[in-house]
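Okay, got some structures for you below.
Same chain, two partners: chain A is paired with chain B first, then with chain C.
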Partner chain A sequence: MRPNTVGWLMLAPTIAILGIFGIIPFIYVLYVSFHQWNPFGASPDMIYNGANNFRRLVFDTEFLTSIAFTMKFAFFAVLSEIALGYLLAQLFMKEFPGRGFFRTIHTLPLIVAPIVVGSVWRLMTTPSIGIIPYLLKSWFGYDLNIGRDATAAFALTVIMDIWHWTPLVTLTLLAALLALPKEPFEQAQIDGANRRQIFWHVTLPMIRPAILATVFIRLMDALRTVDEVWMLTSGGPGAATRFVGLHIWKIVFPKTDYGYGAAISVIVLYLTLVMCWLLYVALVARRERKRTF
Partner chain B sequence: MIKKSGIGIAALALSLLAGVMPAQADFWSDAGAKYKGVVLRGVTESTPPSNYIKDVLAPEFEKKTGIKVQIETTSWDQMYDKAIKDMEAKTGIYDMVYIEQDIIYAYLARNFLVDISKSLKDDPSLKAPEFNETHFTTFANYFKNASGDLFGIPMEAFIKVYLYRTDLFSDPKIKEAFKKETGKELAPAKTHQEYTQIAEFFTKYGKDNGTELWGTTAQAHTGHPASWYEFFESIAPTYGLYNWGIDAKNNFAASVANGGQMNSDKAKAAMKYWLHLRDIAPPESAASTWTEVGTTFAAGRVAQGLVYGENAAWIASDAEKSKVVGKVGVALPPTEPDVLKEVEAGKGYLGYYDGGAFGLPVTSKNKQAALLFLQFIGQDSVQPDWAVAAPRITNTATYDDPKVVAMDKKLNGYYTMLKDQGKLFAGAPPFPFHAQVREATTPIFYKILLGEVGPDEGLDQMAAAAEAELKNLGYRK
Partner chain C sequence: MAHVTVTDVTKKYGALPVIHGVGIDIADGEFVVLVGPSGCGKSTLLRMIAGLETISGGTVAIGGRVVNDVLPKDRDIAMVFQNYALYPHKTVADNMGFPLKLKGAPRSEIEAKVRKAADILDLGKLLDRYPKQLSGGQRQRVAMGRAIVRDPQVFLFDEPLSNLDAKLRVTMRVEIKELHQRLKTTTIYVTHDQIEAMTMADKIVVMRDGRVEQIGAPLDLYDRPANVFVAGFIGSPSMNFVPGRLSMASGQVNFVSDKGTVLPVPEGTPDHGEPVIYGIRPEHIDVRPDGLSARISVLEPTGSETQIFAHLGGDPVMAAVRDRVAVTPGDTISFRIDPYRAHLFEARSGRRL
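For the complex of A and B:
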């Protein structure tokens, strides 16, 4: 085996950036998570307290609630985005007047910063002032009040996320669909397969890697969503939209409980990795194992 | 001859004066010359007074000194987030940070700020001739340490007042209807009972007449601490509950059982009163912070309300933003019957005397240049226009300026109230753990707002949570 100096040299900037901005901060967060540290406490110093922060979060109902809401949010948002994104991608595969225009228009939410998305949705949903409560009231007699209705507020955060991120899914799946060879589809049609069978047995297996990559990206994003939700509901009403990213922000910044906030961050990272691994095992590894037998 | 020599002496004196005068008048360019090219960075909350610094004072200072000033105006949360991160990590990004009155104790405890008085004493060449610490109102005392040294230049100060719609309160038909319904004359409320009665009347009036009018504002956001602040800083004191019900002298007790007041009968009565007002306020109240309360009032959607003074001027005078220009009256907040006497005797306060200062972080890399800017915004001469543009007064001389006197008339005596009755209001309690106790108790507070837990039980839980947090922080033994 010969040493690949050029390869390592080319990788060096990436490794350096990853080390400086990823690995070192992570090690520091891990270190802080084993300490009690609140700079506004009677003693502002870092005090080693073993695994107490991790023990504390197991019994912290606010944290557990935020985890539960985050999972629910990620499930509904990512599932809807994949389904809608696929449908839109299929739509954009077809020829129709103005296709190019609609393709461009539908990607516009992607270029808007999350904080702006949150602000705009807040303006649109503020009770009495926003266009959405107004229309819902005029058309269906429904009073939308995100300050009081926890279910409505939660649903709006999901809808906002879908609005913002479905175009990403559409673009990814559209690229995957466009890259598919025509032969397997023609073959399936000759063999008499109907549209559902073609989708299930030809399209889906062929675009599976693209779907998986998109699910991973969106899942990780959904699990750490903060800014959009902060602008829209500030985590309310009550704890209904206090997702774990927002919970960590509140613990670390306003409350300045750095040790405990670090412990939660570590656990959330661990949970995200476990979820992605489970998903990978369920959707990829098992299938590959089957294929080898 | 005498005449000629007299003229000559006068000419000599004039030329000498001409040589001296520019040096005196041009302190800013002389002092700024040393720091030409320096770029000062400040972070503050996006409020009318801060925007005035950004849009007017900073460019003016830049013109006079050659020192560039970049003021970043952002949301209240982000402002703290950025400032604290910068000072904590010692990155030195900011040369000026906004210090709201309630965070000063925490910043002083952490030695985040430069002692302005001492710095100017140590280097007299930096002292601007027109800047004088004694010219500030007593509000500046909140930014001093035990030795009387100043750690922040007051840049905004206002009280949270009771605003009411003069057009509605003086409308003969409405007055008659009110009298018919309640048997009383319609006048700004002095007690909670009167306030509730007026609020109920106007909400019903709006409903009966199909107009978008409600009886009161309510800063009752169910996910933002603005609601927590409205309760503890504006409502609870009018029931005689001060300092959030935490007794600093009694081992930081919060619960009645331990000697605190957070879950006292007064607190519970205040909570029930406020929850009722929230229920008859406009629907947006459950999603309203201090900003939205101002806009709700300005939109003409309420007959009365407790509004931060920083919003009072534009509500009363800016026709581009407000629909109620010239229709705004100002009064003291309503109280329980004996509370006003208690407050006048100096045993409590009526509501929140809010405001802030610009401080200089010890981590700043441009301390001298920043000291110049801080003095620039603290001078008497820049105050009147600033007070007219944004309703804040930090220097005593500002009250008597003709521009401010004229504005006071437009505001129906807001500045007069600030001057004469400002003493009835108080800043936040001198605790270094504001955000910590607030964040520990807000989850329960929001549950009370949502009806997930009753007010009595909720306040009991909040008092226990506050004590637990204070113990965790090491203040409560």
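For the complex of A and C:
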């Protein structure tokens, strides 16, 4: 190995940023998670309390429910986003008048800040002033009240997430589809595959890396959703949409229980990693198998 | 197996016509090569036969059935692409077995057919590899294996050898030919390499700018090219052309080039008032004493033969001789041209006289 001072110098800014904004805070959170620390409480000092925060969390039903809801939310949101995103990507592959225009405007939700998305959806869904309850009422006679109906509130958080993030999936899958060579598809037609078979045997395996990358990105994002849902439902009604991000927020800010909040953050990070790893094993590692007959 | 009939086929991309009425009859079991310079429409024609491009006019029939509106998957053809088009995520065995799997063939049958094709192509050890773990030549063979496994009515090849190095190309050329002799499947093979065309074909179709220039057996095209284009395209090194006229002198017709060189023509050549082009293949010019004297400009010895670039009077010609000649550039050499090997073409239309 030859010494490469210039190379390290070039990397230095990146490493510094990564360190300041990534690694140091992470280690700090890890440190805090082993302490009892409520700076606005009776004893504002940081007191080491071993794994107590983690022990407490295992018996915290609110926390466990929030994890369950978060998983459910992530599952429905990401699955729908991938399916819908793929369909839209395929649509944008086709020639139709105004394709360029639609390709452009469909990405608009992406540039809206989550907090704004949440407020707008709240406006649209507030009973008696929002357009959505109004239309649902006049067309289907359905009373939408996300302040009272837990299922509707949950569904709405999923729909909002789909609205906000499907364009991202469409973009990545569109890029993947555009980069595919056309020969395997022509070959498949000649080999006798119909459209369904081409999808399962050629398209899907070939864009699989892009799909996986998108699933990972979206899954990690969905698991830490806070601001949109906070604006839309504030976690209610009851705890129906109190996803784990909101739970942490409530513990850290209104209750200023920093030690416990840090512990939950660490566990959520750990769970996210485990889930991604499981997904990876299930979907990627399986590839290196033998032939199918 | 089946005969293929292409009748008056045209192709337009939007308003741009690229194939202008092509007709080819291909007999059952025949090996036909479509050859022509880049962009002449060979691939387009082949893809229309495969069903990958729509046919703008005319008909394509496979085994007597017009297939213009038949999907590629229902045409019972196999195609090998220039870049092989293997499925990157499938093993060699799965690549080869895929067409059968799609048909719902039982596992044992797929296994047996893949095994057999693998034996023919010497792929037995590679069956569990992925395409990215193969060399170009091996990929090429897998692509052919996938075609063989199908046992289709027609094989279509689009420049299957052009990504291989020169030596491998020769080997694969022989392999494909052997394969054809063994399977006797009707084959349409596209190439821009006239040597491939000459060595492999039962019948060659020479194309230019979306038109057929000549159809015939390889040696027919070599011996009696229908026009200047075919004459120049078939044969390597390519034919010498000298523009000039035929003129009557002392009771005998002779060719006199624009620069004044007199060249021999076969006895009984009719006098022709119009300008003509005189064609003579380099291998039909011999170095003999008492011939036409030429001044050598460049020598290119290749070992098996020597290519002599020289000036006959004012006209540049090239001779390819098998004997080693002890000459250097600047020397004068004596060429003999066999008049019966000369080709005469009408200058205006380029057509053979």
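Keep this in mind: the second predicted complex is superposed on the first by the 282 of 293 C-alpha atoms of A that agree within 3 Å, B and C clash if a C-alpha of one lies under 4 Å from a C-alpha of the other, contacts with A are read in each partner's own complex, and residues count from 1 in each chain.
Just so we're on the same page, a residue touches a chain if its C-beta (ideal position, glycine included) is under 8 Å from a C-beta of that chain, and two chains touch if they have at least 3 such contacts.
All values reported here derive from a predicted model rather than from experimental measurement.
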Contacts of A:Thr241 with chain B and chain C, given as first, second, both or neither: first
Contacts of A:Pro205 with chain B and chain C, given as first, second, both or neither: second
Touched partner set for A:Lys250, first chain B, second chain C, both or neither: first
Chain B versus chain C as contact partner of A:Thr233, first or second or both or neither: first
Partner chain in contact with A:Gln187 - chain B first, chain C second, else both or neither: second
Touching partner for A:Pro97 - first (chain B), second (chain C), both, neither: neither
Chain A positions touched by chain B in one structure and by chain C in the second: none
List of chain A residues in touch with chain B within their complex: 38-44, 62, 126-129, 143, 145-148, 150, 233-239, 241-242, 250-251, 253-257
Touch list for chain A against partner chain C, complex: 181, 183-184, 186-194, 197, 201-202, 205-206, 208, 287, 290-293
Chain A partner contacts - residues on chain C that touch it in the complex: 50-52, 71-75, 77-79, 81, 83-91, 93-94, 97-99, 101-103, 107, 110-111, 127-128, 146, 150
In the complex, chain B residues that touch chain A: 77, 80-81, 84-85, 88, 106, 109-110, 212, 220-225, 282-288, 292, 301, 432-433, 435-436, 438-440, 443, 446-447, 449-450, 452, 472-475
